[in-house]
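Letters are used for the chains, namely A, B, C and D, taken in the order the chains are written, and counting of residues starts over at 1 for each.
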Amino acid sequence: MAGIRSLRDAVADLIHDGDTVAMEGFTHLIPFAAAHEVIRQGITDLTLARMTPDIIYDQLIGAGLVAKLVFSWGGNPGVGSLHRFRDAVENGWPRPLALDEHSHAGMANRYVAGASGLPFAVLRGYRGSDLPDRTDTVATVVCPFTGEELAAVAALTPDVTVIHAQRADRRGTVQMWGLTGVQKEAALAAGRVLVTVEEVVEELTPRPGAVVLPSWAVDAVAVVPGGAHPSYAAGYSVRDNDSYRAWDAVARDRATFTAWLNALVGGREGR
Amino acid sequence: MAGIRSLRDAVADLIHDGDTVAMEGFTHLIPFAAAHEVIRQGITDLTLARMTPDIIYDQLIGAGLVAKLVFSWGGNPGVGSLHRFRDAVENGWPRPLALDEHSHAGMANRYVAGASGLPFAVLRGYRGSDLPDRTDTVATVVCPFTGEELAAVAALTPDVTVIHAQRADRRGTVQMWGLTGVQKEAALAAGRVLVTVEEVVEELTPRPGAVVLPSWAVDAVAVVPGGAHPSYAAGYSVRDNDSYRAWDAVARDRATFTAWLNALVGGREGR
Amino acid sequence: MSVPSAGQADRSPVTPDELMEVNAARALAGARTCFVGIGLPSTAANLARRTVNPDLVLIYESGALGAKPTRLPLSIGDGELADTADAVVSVPEIFNYWLQGGRVDVGFLGAAQVDRFANINTTEVDNGPGRPRGRLPGAGGAPEIAANCGRVLVVLRHSPRNLVRRLDFVTTLGHGGGPADRARLGMRGRGPVAVITDLGVLRPDPETAELVLTALHPGVTADRVRAATGWRLRAAPTVSVTAPPTDGELARLRALKAAGRDGPGDDAGPGGPRGT
Amino acid sequence: MSVPSAGQADRSPVTPDELMEVNAARALAGARTCFVGIGLPSTAANLARRTVNPDLVLIYESGALGAKPTRLPLSIGDGELADTADAVVSVPEIFNYWLQGGRVDVGFLGAAQVDRFANINTTEVDNGPGRPRGRLPGAGGAPEIAANCGRVLVVLRHSPRNLVRRLDFVTTLGHGGGPADRARLGMRGRGPVAVITDLGVLRPDPETAELVLTALHPGVTADRVRAATGWRLRAAPTVSVTAPPTDGELARLRALKAAGRDGPGDDAGPGGPRGT
């Protein structure tokens, strides 16, 4: 049953050194505030999973907290490279970054398998690609009915999944709408679930396109208005494209990034 | 792209002797009017698939149009037996009925595989049950990562899926809400899709909990108000429990059933 | 909660079905989530929400998560289930993400036949030589409910025809042929922990997994239960007597069933007993 | 549709990028559904909806089915994609039911590197001895888009660094090493049918599956294309010249891009070219 907690306490309780953490949200509803709290608390040696690492993981990688990245597309959407991700992969700065690299379809199905309590999922994917040579989480299975060989991907079961949603009720039932990506699957695949929300309301009136996570499938809810910025929460904010562009200059250089990091860690109210 | 057609023409065009047909709807939104049109047109030698055959298939079976039934729970919900189904299985009247029998989880995943363009789906199911001994659409697969053995079910890909929905727009985009069961999967698994709707509207305003099938995923839409009766369409009607109960007496006896059938076939406007 | 003697406020005597229903509801005390079959399980689960477990989350295979019906649903797909649910999801999602995902504490099943290892038949019965096998509704959700819930409760009326030594068909595995079978088959949940009938309660023996008599309803003798059981039923070292229904339990159960009189609902639906 | 000469109404000359974008849009004539990567593919698909194919259904991997954006989306997850869509579904559903289910006619991909069999690299490039391999964004949706769409269009700028004899990494299979490879691997779609660049159009030779020059944009010579190609590019028996952009095409393209000036959007995002 989800308790309504402060973000600081919820992160400290639920996310630990060495955990596999998924912070999901497909461009929309990316839980930046929670990631910044992880940086402030210095929770480290993380394996981070996310279809699109986006600048949220560029920041965690640059902060030196990430040992391994599980992903399928690592760019700054609409802008260009993730420079901290590239620097870690190409130069090992500030630490080497192991990769478990997939296609979007593969990552999505890895979460589906995790949410479904299955050890693997089947898809028509990866054929002819060099990707399977680099990972031990892609294999093949043979259909017992047709004999056809298909790709199998191992279930992805994070220790913790963190997502941002529009709102929750006081019991901790969560409601989100708009592009809801792979968040339900990532949450249900995880051992623990932390949700930051724009607001808590007395009653979750039904919304078109809403995905609801019952309170008993969530471990903690933290109220963080604007907690997806510079991503957005449909109905509450719009994507801050200027911040995404500005990140390019911050992240391109180790010194400017380090200054950004120090400012974030120095000020508890930094974001 | 879905055309808005008369039910008579749509059934005649899309459903043929010998087809595998799924008429889905989990208690809610069962496409009774379309089934009655199939009976009137005498389309026969059908393989019928449906998780819960319900009285819609009791009627088709009793009419002698069904060679095989693919299903997972065959009762009259809230009432008792499906007498025509039992008479066909136990006594071969009016013709023998072959069965391909599954659990709900297995049937649901067979449709999922079909909708996903996969030859099979994986689940934790059927273990220790005698069901797999009677079907060639359940097998096992071994997880290539953990070595665990799991159940595999063959994709179910009907020639035609028929569903009932609340409404469509003039282009044939379909919207349904409430308990939407396995309808999306059954429709997307099929070669052809026929949807009966309560009404056609100028614009499909978004609805909480709505499932939308784009017009290009549907072959024909027929406007049949009350086309789910004695099942129901949330927002338009309520389940007619009296009719479900009354069916028990009609179906229990071959003579009373035959009288019902003659009345249906005799009157084009019979329903 | 105090347990006053039964029948003080309500004039009509407690029926055997009511004893079954009240004790089935009580078995849901402490559970967080329950996967509910229509019929007796639904009656019990809805009574539990009005008595021992107001926060119990009811999950129906039609896709309703956290349904809070105001009266007994007549079918698994009643509109009120969707209208009152925390969330409505597709049938594949209910089975894959919520049931198979291991998120349900208790699976509550009806049955046509139960054997001494709590295996369940809802497929067909042998009517004897020269007669066609009698067709039952089939599996419904039961095989995966029994496999994937944390624990399973079974509720059915006691008779030698219902509680049998050997099933005519194993639709749903309970404990197979003994205590190791579930583990051998990789089943995640504990399987059936109680069979609650109109005469008493049977539970699997911890050593053998065979169902033994653990409780009698008030006024029922062990001999009567044995006579109604199709195998040589053994008794647990201690056989208790179930507490009589309280006034509150009985009043709420009767109100529930009166409001649901629009249709039967006790003897059919997926997971329910034989559909005849 | 009449094809007047270009530039009559708009004073600024047509750019090579505009030739690429207009011809990419034209390649969508007759398609029903298109799976759209952000960047150049999105520009082309949105232009097609304003010119050759008003009814084209745009499918974005973020879950938007039938999006009708009023301006170029900057990211794959722009709010307007959801707001204007016929339906918004989950990311697993987009990939499993809609893409893998075989419901998409055309997959439209960007690329960092394309080889002579239209295989695609978006993972990493070899920067030469002693230097670390250059990291690209990765696969995104491309491997399954290329596998499961009816046919695939690839759009990228022409240079010897982009169109290479041999990829440093095969992210996404085009035609493998020849015409039989897709069938051998059980791929359902036809794979890449055209590579549209700022210089012209390459298509796979029907016999060998090797990309050959089939069309030049106005004013471009075959020699210039060969010089910009990393393998010894052959020409098809007939090499046509693409029709110059019409006034309408150019006006709509420029209006689209002007409205999208809020951000780049041409050189990043899943399926887009190298993210630098």
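The rule is simple: contacts are C-beta pairs under 8 Å (C-beta built on N, C-alpha and C of every residue); 3 or more make two chains touch, one makes a residue touch a chain.
These numbers were taken from a predicted model, which means no experiment stands behind them.
> Return the chain pair with more inter-chain C-beta contacts, choosing between B-D and A-D.
Per the contact counts, A-D leads.
> With chain centres taken as the means of their Cα atoms, state the distance from chain C to chain D in Å.
Taking the average C-alpha coordinate of chain C and of chain D, the gap between them is 58 Å.
> Could you please state the distance in Å, as a whole number, between where the Cα atoms of chain A are centred and where those of chain B are centred?
Each chain reduced to its C-alpha mean, chain A and chain B end up 39 Å apart.
> Could you put a whole-Å number on the gap between the CA centroids of chain A and chain D?
Each chain's C-alpha centroid was found; their separation is 28 Å.
> At least two partner chains per residue is the criterion; list those residues in chain C.
Residues 96, 100, 148, 188 of chain C each touch two or more of the other chains.
> Among the residues of chain A, which ones contact at least 2 other chains?
117-118, 123-124, 148, 184-185, 209, 211
> Throw together a list of every chain pair that touches.
All chain pairs meeting the touch criterion are A-B, A-C, A-D, B-C, B-D.
> Hey, which residues of chain C end up touching chain A in the complex?
The contact residues of chain C facing chain A are 32-33, 57, 65-66, 86-87, 96-97, 100-103, 148, 188.
> Would you mind writing out the residues of chain D in touch with chain A in their complex?
Counting only chain D, the residues touching chain A are 38, 61-64, 74-79, 81-83, 88, 90-92, 95-96, 99-100, 119, 123, 132-135, 137-144, 147-148, 169-173, 176, 181, 185-188, 262-265, 267-270, 272, 275-276.
> For the complex, give me every residue of chain B touching chain D.
1, 115-118, 173, 184-185, 188, 211-214, 216-217
> Applying the document's contact rule, which stretches of chain A touch chain D when the two form their complex?
Of all residues in chain A, those touching chain D are 26-28, 51-52, 71-82, 85-86, 89-91, 101-105, 108-109, 111-112, 123-131, 148-149, 178-182, 184-185, 209, 211, 232, 234, 238-239, 241, 244-245.
> Touching residues of chain B toward chain A in the complex: what are they?
Chain B reaches chain A through residues 117-124, 137, 139-146, 148, 150, 152, 154, 206-210.
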